[in-house]
Each structure stands twice: as C-alpha cells, then as structure tokens.
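Please find the structures below.
Below are two complexes that have chain A in common, paired first with chain B and then with chain C.
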Partner chain A sequence: MSDSSVFDELPGDLMIWVLIVSELLVFGAGLAAFLSVRITDPAGFAAAQDALYRTGAGLNTVVLITSGALAAWALRLREDAQRGLARLALVGAALLGLVFLIVKSIEYAGKAGEGIAWDTHPFFTFYYLLTGFHAAHVLAGVVLLLLVAWQDTPRNIEAGAAFWHMVDLVWVLLFPVIYLLR
Partner chain B sequence: MKYKTQKIAMAYFAVALGLFVIQIIGGLLVGFVYVAPNFLSDLVPFNILRMLHTNSLIVWLLLGFFGAAYFLIPEEAEREIHSPKLAYLQLAILVLGTLGVVVTYLFNLFEGHWLLGKEGREFLEQPKWVKAGIVVAALIFLYNVSMTVLQGRKTAITNILLLGLWLLALLFLFAFYNPANLALDKMYWWYVVHLWVEGTWELVMASILAYLMLKLTGVDREVVEKWLYVIVAAALFSGILGTGHHYYWIGTPGYWQWIGSIFSSLEVIPFFAMMAFAFVMVWKGRRDHPNKAALLWSLGCATLAFFGAGVWGFLHTLHGVNYYTHGTQITAAHGHLAFYGAYVCLNIAIFTYALPILRNRDPYNQVLNMAAFWLMSGGMVFMTFTLTFAGTIQTHLQRVMGEYYMDVQDQIAIFYWMRFGSGVVVFIGVLVLIYALAVPRREIISDRPTVAAE
Partner chain C sequence: MVMPRDPLLRAWVALIGLSLGSTTLTLWHWPPKFAALAGALILTLGWLKARVILSRYLGLAAAPFWRRGFELALAMFCLLLLGLYLLASAF
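Right, the complex of A and B next:
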C-alpha cells in the first residue's frame, strides 16, 4: 500500500489548507447563525441593516478583490523569476489591505458616532462579530503579505496568497449577506 | 530501556497511581454523599471531598505527564535526561505540596493566613506556598527537559510535548490572581482550566499518543508527524476561543455566547482526528507489538476522548442548549467521560507501555491489565449514561417545569444509586490495574503473536 494521499496534490502547504478550512467553518457557522436569528425578526434586521454604509462596503469589495488579484499576480511573477516586481505586487496587495482597514475604521467610527454598539440589536452583534473577525484577518493578512514579500520563496508566496484569497472569499460572502440581503 | 534516566518515570508513575487511588476513594465518598446526603457532613463536608476528588485527579494526571515526558524524551532526543537529581527534587516538591494541600483542606489549618491558609475559593484552591512550590517544580521540570531536548535530537513529538508543557506552566500563573469580583475570578479560572484541558493538555495528549502509535504500530515517523501537526492546529484553533463556552452566564458580555458556541463546536474536530489517527495507524501498521494492553488503552483513549470530550461536550456547548442544562448532571456526565477518556486512559496507556520496559519484563501479555481496562471503561461509560439520564430529567423538571432543586434531586435518586454502583466497579478496576502493573513478574499467556482465525 502506498502512503501517498490526495493531500499531497494540494498546492502549497497542507497546514495552510487546514487553517483555510477551519476559517471557512467558523465564518460559515457565523453566517448560518446570523441567518437563523434573522428569521426570528426580519423587520428588525432590515431596519438595522439600513443603518449600514453600503457604498463604503461596496468600495471595500473592489479594493479587496483588486488586492487579491495582485497577490495572485505576485506568485506568477515570482515563478517567472521576476522577484522585484513580485515584491512590488505583494506590497501593493498589502497597501490595499490597509485601505480596506481604513474604510472599515471610518465605518466603525460612524456607527459609534450614531450610538450604535454591539448590543443595540442582535443584527449588530453579528455585524460587529463577523466584520470585526474578518477585519482582524485582513490585518493578519497584511502582515503575512509583507512577511512573504520579505521571505519571498514561491512556496511562501503561495501560502500567503492562499490565506489572502480566503480573506477575500469570506468578504464576498459577508458583504451580500450582511449589507445587501433583504 | 535504552537510557537509564528513563527510570525517573517509575517514581512519577508510582506517585501518580497512589494519588489515583485517593482520587477514586474520594469519588466513591462524594458519590455516596449523593445518595446519603448527611454522610460525613460534620467531618468532611461535600465541597472539601469534591475538591479532593477533582484536585487529586489534576495532580496525578500532571505527574503522569511529567513521568511520560521523562520516559519518552530520552528516547526521542537520544540522550539522557539533563539532571536526574533535579527530576527527583521536582517530584519531592510536588509531593510535599500535595500533602500540604490535603492537610490544609481537611483540618483547615492557618485559617485566613495569606501564605499558609486556604484562599476561600471554589477552584484553584491551594495555599499560596503550595502554588509557589508548583511554579518552582514546573520551572525545574521545564529547565530539565528543555536542556535535554536542546542538546539532543529534536522531533515533532518532543517539540509539541514541550510546547504543551511550557504553555501549561505559564497558564498556571493565572492561579495567583484572586480578584474580589466573583465573575472575574471565574473568568481567570477558565484561563487555567479550560486552556489546559482544551488546549495545552491536548498538545500533550496528541504527542504522547503519537509516540505510542510510533512504537506500537511501526508506522513511519513522517506520517505520524503530519497527523500530529494537523491535530494540534485544529486543537488550538478551536480550543482557545472555545473558552467562550464558559462565559455564557458568568457576567461576561453576551457576544461570548456566539463566539463560544461556534468555536467550541469545532472542538470536536481534533478529538475526532485523534481517534481517526489512532485507528488509521493501527490499520496501516506493519508491526505486531506484543504489548496489546498498551494498544488497547491507546485506542480506548482516543475513542472515549472523542465521545466524552467531543460528543458529550458538543451535547451542551451551544448556548441555546446550555441555557437549560448549565450545571446539571449533564455537565457531570461530560466531565467524567472526558477526563477519563482523554487523560486518564492516556496516562494508563503510557504506564502500560512503559512499565514492562522499565521493569525488564518485556514481552508481556498483561491480560489482567486488559481486564482492568474493560472494568474501568465499562464502569465509566455506565456512569456517564446514568448521569446523562439524570441530567436530562433534572433539566426538564428543574429548568423547564420550574421545580425546586432539592425536590428534583429526590426524584433522580435512582440514578445516583446506579452511579455509585458504577463507581464501585471503576474502583475494583483500578485495584486490578494497579495489581497488574505493580505485582506480577511473569505473566505470559501465549508467547506467539496473535493470529487471526482462519
């Protein structure tokens, strides 16, 4: 019997996939819980959602996806042995991650200014938990992107880009469900 | 035995087993108070007995971990333990501290004294001097094993084991903080207890289990290590924020209800992975190790930990469920099977593997030891079922129907009797186990490896 398994065919390190699957389970469970609680009070959830700043979140979606594209591009450049450009792309991706965080901070500051806190309504409990956890991951991702720009082996860049795409993916799930779904 | 300092483990295992007996006797007494509430009430109140039962459990499990580390680190690092003298000094400090705690509990000496007396807490209750002693002993231990590993071969098993033991020792420091606010007291208590049993101890468990699988099944180290890293990652990912499942109703903010529910639900994954790991290794393994008893305890450990910690934990971890079941016998059912499966069985597995080697009586069938496994595990599983039924009825009568606590206790007395009976079976199992580990010099039922029937 051979000891090889399907896991050996995964691009990048096995551990980064363990992390990605774990993260998706957590955010997936969080979204499922959000939608379940929403059933108990659709009107309240809709009213609370109207307090959100949708344009900012839409802008952030564009920012994050562009950043993801830069990270993916960086890996391709690095594999073509264009190290300088690859590093530039990674730093660019990290900077766009910071832009995302700045827009997010403005959004949170606005909410705080209106006196909205996590316990104002169950909607906001989930809003702060889910987007807050996600923002923490964006911050971690920025650090990670800068780390792999410094230690720029293709294997490292692949792991960093895989993590960053997970952060992307979670956002494109959070954005419609929390900000747009009526 | 390849390295002579592995012998240190013997002393640790012996003290651990002694405390194990004390723990089970404490359990029998507490179990009897449930059916005869005035039993010993003047002499040793229930809360003191319970404290003995739970704290002696923790201490003997830790002593077992220390012993396991002294046994397996020389083999993994391929060198002798840095200083055997320090290892025995560490044990002496821990034994003295344990005796100090027991005497202080039972006779309440030095009441109110800041250094020598009890602190008046429900948990993390040791006199300050004992806490300090534990820290000194932990520092000696960490110094000793870290020096051994640093100078020797580094493997994933020792790395994870040391990571677990270092974090374990650091987290104990929270035991020194005794805030006046009871909610804060509970909050920091869980920093110790939860982050131990659902965090650092899982690292210790995974690495000891990996060592046993490596030795018993002969699977390649590389395969074992890959599993080990995945299990450890899953344990830390779910376990750290899983602490939130203790913060539902103690005065911490409400968002913990969702953080705790979601992350602690995932805590079942590392336990499932450990069970899958143990069985896959046995299926893949080419080695037919004669120590079948150690294999039985290892597989029993992984399986009962999955059910006790994983399934019975998930049973009441969602805050919507826990709102009703909190602090009922459901909790007791989970606590008993989780500690037994994950940590008691793990310790006995390494004792059963190591003692024949340490005492020069390998190969060795240990049939009596296997009988003890079935007695203890059967008793413990039966106890878990009786407490689960008791807890279900208690939850309905007390939390749904709103009946008084003591009225409900009267109605579930039958389950407490059955629990006491299963406790007696566990106690007999423990005595058989200790006899099997300590006494027989030769016990070979068949010198051939087991062959499947044709």
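Right, the complex of A and C next:
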C-alpha cells in the first residue's frame, strides 16, 4: 500500500495553501459583497468609479505580474543552486512591490485631495476596504520576500513566493471588478 | 507571435497580453447595449489571468488534482461575479 496522498502533490507546505485559500475566501467574499451592493445603485457606482486612477492601477497590474514572475524565477534559480541570482530576483520582486505601494499611495493621496473618503459613497467604502487590505498584504509580502532573500533555503523561498503569488492572484481579480467593470 | 519556450516566461507574456486586452476593452467606447458584453469579457480576461497564476506561478501545473479543484472553484466564483454583474445591468 502506498503512503503517498494527494497532499504530497501540492507544491510547498500544506499550511501556506491553507493560508492562501483563507485569504482568497476573504477577498472573494468582499468582491461578491461589492457586486451585490452595486445592484442597488449601478449608476452611482459607475459615477464613483470614474474618480479612480485607472492608468495607475493598470500600471500596478504589470508591476505585480512582473514581480510575481521574478519570485517564481527566484525559486527555480535557488533549486538550481544559483543563490546569488535567486536573491537578486527576490530583491527585485520586493522592489517592484514597493513600486506598487508608491503608486497606490499616490492614488490614495489623490482621492484625499479631492475630498473623497471611505464614507463618500458605498463604492468608496468597498474600494478603501478591499484595496487597503490588499495593499497591507503587499507590504507584508515585501517584508516576507526580503526575509526569504536573507534566509534563502528553497523551502523558505517557496513559501514566500507562494504568499506573493496569492497577493498577485487577488489583484488580477480585484482590479477588473473595482476599476474596470461598468 | 512566437511564444518563448520557458513556461514562466510564457506565463508572464500571457499575463501581460491579457492585461493589455483588459485595457483595450476598457478604452473602447462600447455602445450602451454592449456594455454588459464588455464587462463579461473583462471578467473573462481576469479569470484567465488567475488561471495562469495558479498554474504557472503557484506551480499547480505539476499537481493536476489540485489544479482541477482550484480551477473549478475559481470558475464557479467568476460565474458568481458575472451573475452579480449582469444582474445590476438587468435593472
């Protein structure tokens, strides 16, 4: 009888996948709630959405996608025993994470300058809640990427990169729902 | 267009292409009666991007059982989002 289970097939630790699924459920519930409330006032949501900085958010999509690729490459490089290049890729991924946060800060500052706050419209309540919670994960991910660049065992890098890909995955679903759907 | 052989590079190119697709759809001035179609296409591109990240960045391409499970859950979630989106368009 074989000792292997389907859990052995999962890349990385089971616990990081439990974390990923938990985070996806939280963000998923938030996005579903956003679209549910939108049913009550689609015109108001569209008008509020016009105040968003779509170009910056589009740029941030490219930034996160590229950062995710660097994190994935870092794991492969480390497994090929190219430690220096792996660390470089992780630091590059973290720096792109910081670029994301800078663009997001500019976006938030712009909204504040226009007098738009979380209670201006239900759209902005969800906007600040979901994008702010995501930005907090980006910040945590940047710290994690730098930590695993320092403590660079393949296992650590795999866990750090998986968290980062979860942040990436959430963004590619959050971006169209909040910024693009009319 | 020639796609690179490296699966990770191919995934990155696909993600950039899908993102450009979303941007193009958004910039396009859709007649009001086709706005819901545009929204459905934008959601579809987001779903495709999520599939690429699960499969290539998170490495589920090497774990078919889990990839099928995650893709099924993701497809159902995106259908839920699409339904809620279209429901707003119907009113």
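Here is the rule we use: the second predicted complex is superposed on the first by the 178 of 182 C-alpha atoms of A that agree within 3 Å, B and C clash if a C-alpha of one lies under 4 Å from a C-alpha of the other, contacts with A are read in each partner's own complex, and residues count from 1 in each chain.
Keep in mind that, in the parts below, contacts are C-beta pairs under 8 Å (C-beta built on N, C-alpha and C of every residue); 3 or more make two chains touch, one makes a residue touch a chain.
Model, not experiment: these values are computed from the prediction.
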After the overlay on chain A, what do you see for chain B versus chain C, clash or fit? fit
With the C-alpha centre of chain A at the apex, what angle separates the C-alpha centres of chain B and chain C, reported to the nearest 10°? 110
Partner chain(s) touched by A:Pro176 [first = chain B, second = chain C, both, neither]: second
Give one of first, second, both or neither to describe whether A:Ala109 is in contact with chain B, with chain C, with both, or with none. neither
Does chain B (first) or chain C (second) touch A:Asp168, or do both, or does neither? second
Taking the superposition as given, does A:Pro11 touch the first partner, chain B, the second, chain C, both, or neither? second
Looking at the overlay, what does A:Leu35 touch: chain B (first), chain C (second), both, or neither? second
Once chain A of both complexes is superposed, is A:Trp73 in touch with chain B (first), chain C (second), both, or neither? second
So in the superposed three-chain picture, is A:Thr61 touching just chain B, just chain C, both, or none of them (first/second/both/neither)? second
After superposing on the shared chain, does chain C or chain B touch more chain A residues? C
Pick out the closest CA atoms of chain B and chain C after fitting on chain A and give their distance in Å. 16
Which chain A residues are contacted by chain C in one complex and by chain B in the other? none
Which residues, counting only chain A, touch chain C once they are in their complex? 6, 9-12, 20, 28, 31-32, 35-36, 38-39, 42, 45, 54, 58, 61-62, 65-66, 68-69, 71-73, 76, 161-162, 165-166, 168-169, 172-173, 175-177, 180-182
In the complex, chain C touches chain A at residues 8-9, 11-12, 15-16, 19, 22-23, 25-26, 35, 38-39, 42-43, 45-46, 49-50, 53-54, 56-60, 62-66, 77-78, 80-81, 84-85, 87-89, 91
Complex interface listing, chain A residues touching chain B: 1, 3, 14-15, 18-19, 22, 25-26, 29-30, 33, 118-119, 125-126, 128-129
Residue positions on chain B within touch of chain A in the complex are 220, 223, 226, 229-230, 233-234, 237-238, 253-255, 258-259, 261-263, 265-266, 284
